[in-house]
Amino acid sequence: MSANSNRHTASNADPGSQSGNAIEIADLSVWFGHGADRVDAVKSASFVLPRGASFGLVGESGSGKSTILRALTGLVKSWQGTMLVNGETLGRKRGKDFYRQVQMVFQDPYASLHPRHSVDQVLSETLSLHKFGDINDRVEKLLTDVGLGPQYRFRYPHQLSGGQRQRVAIARALAPSPSILLLDEPTSALDVSVQAEILNLLTDLREEQNLTYLMVSHNLAVVGHLCEQIAVMQNGEIVEILPVEDMRQLKSSHHYTQHLLEASMGYKST
Amino acid sequence: QQVQAATPKDMLVIASRIDDITTFDPAQSFEFSGSDVIRNVYGRLVNFNPADLDAGYEPELADSWTVSEDGKTITFTISEGKKFHSGNPVTAEDVEFSLRRAVLLEKTPSFILTQFGFNKDNVEQTIKADGNTVSIVTDKKYATSFVLNCLTATIGAIVDKKTVMANEVDGDMGNEWLRTNSAGSGAYKVVSWKANESVTLQANEDFHLGAPAMKRVIVRHIQESATQRLLLTKGDIDIARNLNPEDIAGISDNGDLKIHDELRGRLMYLSFNQKHPILSKPKVVEAMKYLIDYQGMQDSFLKGQYTIHQNFLPATYLGAIDDKPYSLNIAKAKELLAEAGVGEFEIEAGVREAQERIEIAQTMQNNLAQVGITLKITVGTAKQILTRYRARELDMYVGAWGPDYPDPQTNAGTFAFNPDNSDEAKATGLLAYRNAWSPGALGEKTSLAVTEGDVDKRRQMYEEIQREFLQVAPFAIMFQKIEQAGMAKSVSNLVLGGAITAASYWPVTK
Amino acid sequence: MNQENILQPHRTGLRSWLTADVPTSRAQARASAWYHGWLEFKTNRLALLGLCILIALVLIAIFAPLLSPHDPLAQQLSNRLQPLGSPGHILGTDSLGRDILSRMIYGSRITFYIVGLVVLIAPVAGLLVGTVAGYVGGWADTILMRITDIFLAFPRLVLALAFVAALGAGIENAVLAIALTAWPPYARIARAETLTIRSSDYISAVKLQGAGAFRIITRHIWPLCIASLIVRITLDMAGIILAAAGLGFLGLGARPPSPEWGAMIAEGRRFILDHWWVATMPGLAIFTVSLAFNLLGDGLRDLLDPKSHGK
Amino acid sequence: MTLLDVENLCVKFPTRSGVFDAVRGVSFSLGRERLGIVGESGSGKSLTGRAILRLIRHPGVVTANHISLEGENLLQLSERQMRKVRGQRISMVMQDPKFSLNPVMRVGEQIVEACLQHEKISRNAAKLKAIEMLEAVSIRDSERVFNAYPHEMSGGMGQRIMIAMMLIPNPQILIADEPTSALDVSVQTQVLGIMDKLVRERGMGLIFISHDLNLVSAFCDRVLIMYGGRVVETCQADKLYEAKHPYTQGLLNSMPRLDTPVKRLQVLKRDASWMDGDIASDSDASGKAIGRSV
Amino acid sequence: MVNSADAVVSNTSMSGTSSLLFRVLKTIGSIAITMLGLLLVTFIIGRVMPIDPVISIVGERATKEVYDAAYLEMGLDKPVLVQFLYYLSDVLRGDFGISYLNGAPVAEDIRRVFPATLELATIGTLIGVIVGVPLGIVAAVKRDTWIDQVARVVALVGYSMPIFWLGLIGLLVFYGILGWVGGPGRVGIFYVDVVPSVTGMILIDSALDGQWDIFRDAISHIILPASILGYYSLAYISRMTRSFMLEQLNAEYITTARVKGLSEWAVVWRHAFGNIKVQLITVIALSYAGLLEGSVLTEIIFSWPGIGSYITTALLSADMNAVLGGTVVVGLVFVCLNVLSDLLYSFYDPRAK
């Protein structure tokens, strides 16, 4: 596989960031079930994210993109390999310290908010879990940060649109002031106009707070907009890692990537 | 409309609560429904004639008997020509075997015999057959009437030795086999018994009083009075034995049916625990007896099924008296309580889950409240309440007592006899003990009465005992049971056994 | 989605405070949520009817001394088993000549007491066991569910009797005994629900905040399991009241002369062929209560079910 | 030639806070062509499709001046007659294949059922047809899929099964609600090819609902742009990029493009005036109300 | 590439066979554990009861020697654990001891009373299902109309009117007044003990024996109590059916079915009902198990010698051997039904395979 050889290219690609890597993943394998039921969802994946980088994971459905994020956050327990976050090796258990550095935004804004908790409850619970003081002020600030006014503070999810829900989910992820944000298809459930708002928000936040992004998407255009580097996955393996510029110019060495790029240029009536 | 179903002419179908049957072995059976069956299946040395219960015991399997000089030995001459269902003749050997067996098996009712001094070790000497006679030797002199009355009890039934021993398992003297089978000489034999379901009896064509008219008797277990009533009115049964007063009233104007009343031996009483500091005051006990609405209850929810009776010997028993000094008198009760110097207090009554008893308790509660006594009623299953009663934990008990055998001793010996009142004695079989009451001189009189050979004297002694008992005992005896059986018009000659024995099916005709 | 109409003209008054699109404080948000719930609930006529019946019954229970024409305990043996509509006793009298109407009125107190206690215990216990089993999974799940099965497989009466045998008789213990036999089905429901909830993104999201199992179960899972439990409880309500009466048979329920409805039915059962009203009137009372609970339960389910808020 | 003509279609839902107008006076006509409908989420695209088939359930209310299928007003048909229209004459591919297939019925059974509903042929013949149809939507392992349950299918397969099922009775009109959203780009091409063929060779009318402006402009003949329950603009598909309505332009601009990167995406500024415009307001809608369709 | 997703799917479905054995083992294990727990609890209950088991056997007037002998014979002097093991080995041999109440081995009694209940409960459940399921479906389809409300009230009456009330009134009307059905008991008095007991269920026994008169008579006796039990379970079954159906009728695939032009009948029965079968099985199994536990009051009113009244009578007279024996049998049946419903579950629901 070309994945390992590309590893260094990835870290070289971002000279402007502070020293050190935000995420280093080496030889990560993840599986579900055991015995005959075993599904190998990720097979020895490796990549490196420098601080402040924005990294995209693309690939066909079921290729293990989400699984990598879930393994990183400890939601999946059965994995093997090495994972480093801000220079520290991750064990099986993740403490609160870890969650103060790494947060995740889920794909479906309709499923990621508790249907009986108001925005206020969601945010203040998160803040109090991380032992923050002056929760009131912080909640308001978070809401303004993600572009929701204080008028949304006491609403319940069913009173919000999809885009607004996704903003709340982002605010929740920002609450512990993490340095790394994992984004699992944050806009795929939204329509284009709302997608644009969320993408702009993410761009702004990254600039303001110097965040590191690891983003999963099947939409190359979205990844291309937000990321500097992308990894292409197929069937649990990372088949290629390439800078976004190469992608735009359809320069890729792997045939699957090539196929993906071509197809995403749009339907051609025959 | 469908035609009234009717039972066949030669079949008697009885609805009754028979869930108390545990066995048909006369040496073990100690329940009402069991004794009904056993009375019809087994002969005894002496027995009651259903046509004339008041006449007392008469010869049955024994032709005659003699009593020795010292009054300790009774010798029975066994009558000739009577046969068991198996065809075997009834012999002295069978009598010897049956009585010894009852002692040796040591089942619950064995006390009825062992109270005469028989035990495992001495039965070989004390109960002996010789030719066609059997002699029994008691440990001291007892009233002959007492001994013979006891022999009319279920435990006095004579079993067929050959048949029984042929079915012996592990030295149980046929106990297990007799549980569900019969080996008697009576009018009927047991065909089948399904617990909580039915008992079927088949007529014995060779019965020494002639073949019974009813060839088959089926007793079905029907729990509910209302269900019994429906079956009766539909003609699916001939006799319903557990109708409550309301259902009796409901069928009273049904032209096809009639109601048969018979005074039984069961008493309903209240008792007061003498361990209770207040209840142990004689005046308080007396006040209690004035707080019972005897008349009111007899005329309402007990209507027709209980009659006021305030002494421990049921009417028709030797020595029974009909004194009824007490009636509801709140003022008098207040007076007595004031004399005793007690104010308001609270007591707990234990009642088992029988509706009439719960209602008696509630009536009591109502009356007690009027003199400032709070009655807490604890309802429980029979076993729960009895367990506490026996452990002398209940302040007050709403009880019923049925005599074990047709002799005054059966009740005198439990109501008015309690030689050792200490907790260690554990004489839980005695009602006096259960209420922590020491009858004192009354107890001695009771012991004396059983040895009195002269019947009239003996009667007088019991009358005396009862009159005193009525005054001092912490028992308020209230009612005697009247059994009301609803039956088809055509059924006649049914005798339920009065106060002294069980039902007889052989005279019944339809 | 419709646009959020932020610039709504400001109205005054309590109603507008409650219906404000933009609540300004937690209290207002909560009150507003309740108020909206109420508005939605109100549209369900039948549920409203159920609520009214229950409120009426609660009022009857509270004001029993004022409402009942007679002392519920006053006996009059000479006046027993009076039929419906007899003078002074609209619903007749029972075996001891007590006024049935008065007894039913007082009995509502006991009924609510029983129902209240059981409802406080059984579903909570079931919820606890079910959610813990469902959320924690693995061994805890196996053990808890086996225990649930054991209790479920036990004849209720036997279990209740054993329980009371250990604790002693009395209405409180009877209620405890009923609760003890009633929780296993709730546990099963709660577990099934938990299994679907626990893998959802919003639970993952709180896990990512480092929240512990206790917090997730109590704050996040419980609120969602309640809807289906409510339906089940309201369906069980009649059963609970009658179970208390059944225990009365074993001497474990209310003590006489307490006018507990189930006990009244049991007492009246002897006369059912000739004096049917003695058992039927309290039976109708139980029917009314369970109907009311049932209607209310259906309404609450609609209200609480997160699916009905889909959009 | 016009197959379907819809005039002033409205769909309303009574809610606590008053009546919610989900579709407000939509009018269009469909010939033997590919008509695309685009618009943001919640703009009433799916409801328009369902309303045509009279599938809006109580308490929703559908009104229109007329919905005529080859001159026959669907609103006036009885429920029984309507069942003859559904599937056979107008068919609809539902939006979410995951929830739109019966989970406990085999895939094949569901397709055969659709086939037998309108055609008197033997079960075996129907099965053959079904398998043929599955192959047509490029499902390779069609025998296995025929005997499989929906949960064993991936999202993309589900979508193709759905399409096969709806095409099998040979409808005159197919309403396809986001039929390719879960498909891999290459399969998407094939599936679109089939629909394209049906339109061109058999003269089927196709209503193609989608989010994807690029796809619609490339695939369809005409495009309706919906906003807030109304059609705000109709244009030729190839002229989509020249659309005049600010909403349409906004949509186009807010899409990130792989070939032309921008620093910030343009965000749609919604204008209250888009909600009402040149189209008749619903108050004068005089169509026959259907109290309760289905 | 496209079909890589398909490959994953087929992969998982292939592994189904090997996990079947695992599932069977697991099921057997869980039955065993549950039964062991059940036995432990019954054993503890037997000890906890404030009733002296020795007195129950020897009678209250027994002498000290008799008492002590029985005490030793029953092994009550041994450590509790040893006693439990004794109990366990007895039960495993099918020996529940002797009933104090009627002196018979409890196992024998249960063999007699359980078939009676089984017969009654089975017919009751059948009635409950045959009426309750369509009622629930109609109520769901016609949600919030008067039909729905009537169905609700009918069900609730079944639930909240005490069962003996219904029973007695039923007897009075159908037996007493109209004479349409047989009276209390399992067969008429002439037929008692006529057919040989093979299964203990009179309907089956008489049919096996070709005694159709008795069969008819037995039917006329069972129909009323079974209907009353059926009414009771109908209440529960119809409510649950309704709520399951409502959920399905709102599902998207129902709209799909309508798009195909299917008739309402096919939509409701073939599609929606097909999806609730699985849940219904669990509900029906639970309610069947509840009836098998014995509806004491019905059995009493109809003089039906079943396990419910057996256990209750035993309870009332503190016949602990009978209570515990009955409990174990009821528990076993319950657990088996549970497993059976799980099996049916995996049979009917493709997703559970």
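Every chain is named by a letter (A, B, C, D and E) in the order it is written, and numbering of its residues begins at 1.
The working rule: contacts are C-beta pairs under 8 Å (C-beta built on N, C-alpha and C of every residue); 3 or more make two chains touch, one makes a residue touch a chain.
Here the structure is a predicted model, which is why all the values come from computation and not from measurement.
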Shared chain contacts [chain A and chain E, defined touch]: C, D
Of C-E and A-D, whichever chain pair has more C-beta contact pairs: C-E
Furthest chain, CA centroid comparison against chain A: B
Chain A-chain C separation of Cα centroids, rounded to whole Å: 46
Whole-Å gap separating chain B and chain E, where each centre is the average of the chain's CA atoms: 40
Mean-CA-position distance for chain B and chain A (Å): 88
Residues of chain B touching at least two other chains: 226, 230, 353, 381, 384
Multi-chain contact residues (two or more partners), chain E: 1, 5, 8, 50, 168, 172, 315-316
Numbers and ranges of chain C residues touching at least 2 other chains: 1, 250, 272-273
Chain E residues within the chain D interface of the complex: 1-3, 5-6, 8-10, 13, 251-253, 255-264, 266, 270-271, 274-275, 277-278, 348-351
Residues of chain B that touch chain E when the two form their complex: 1-2, 5, 7-8, 11, 13, 19, 21-23, 30, 106-108, 111, 179-180, 191-192, 194-198, 200, 218, 220-224, 226-227, 230-231, 233-234, 236-237, 353, 381-384, 387, 390, 428-429
Of chain C, residues touching chain E in the complex: 46, 142, 146-147, 149-150, 152-159, 161-162, 165-166, 185, 231, 235, 238-239, 241-242, 245-246, 250, 262, 265, 269, 272-273, 276, 279-280, 283, 286-287, 289-291, 294
Complex contact set, residues of chain D against chain A: 40-42, 154-156, 182, 184-186, 188-189, 192-193, 196, 211, 213-215, 218-219, 250-251, 254-259, 261-268
Complex contact set, residues of chain E against chain C: 30, 33-34, 37-38, 41, 45, 48-50, 149, 152-153, 156-157, 159-162, 164-165, 168-169, 172, 236, 239, 243, 286, 289, 293-294, 296, 311-312, 315-316, 323, 326-327, 330-332, 334-335, 338
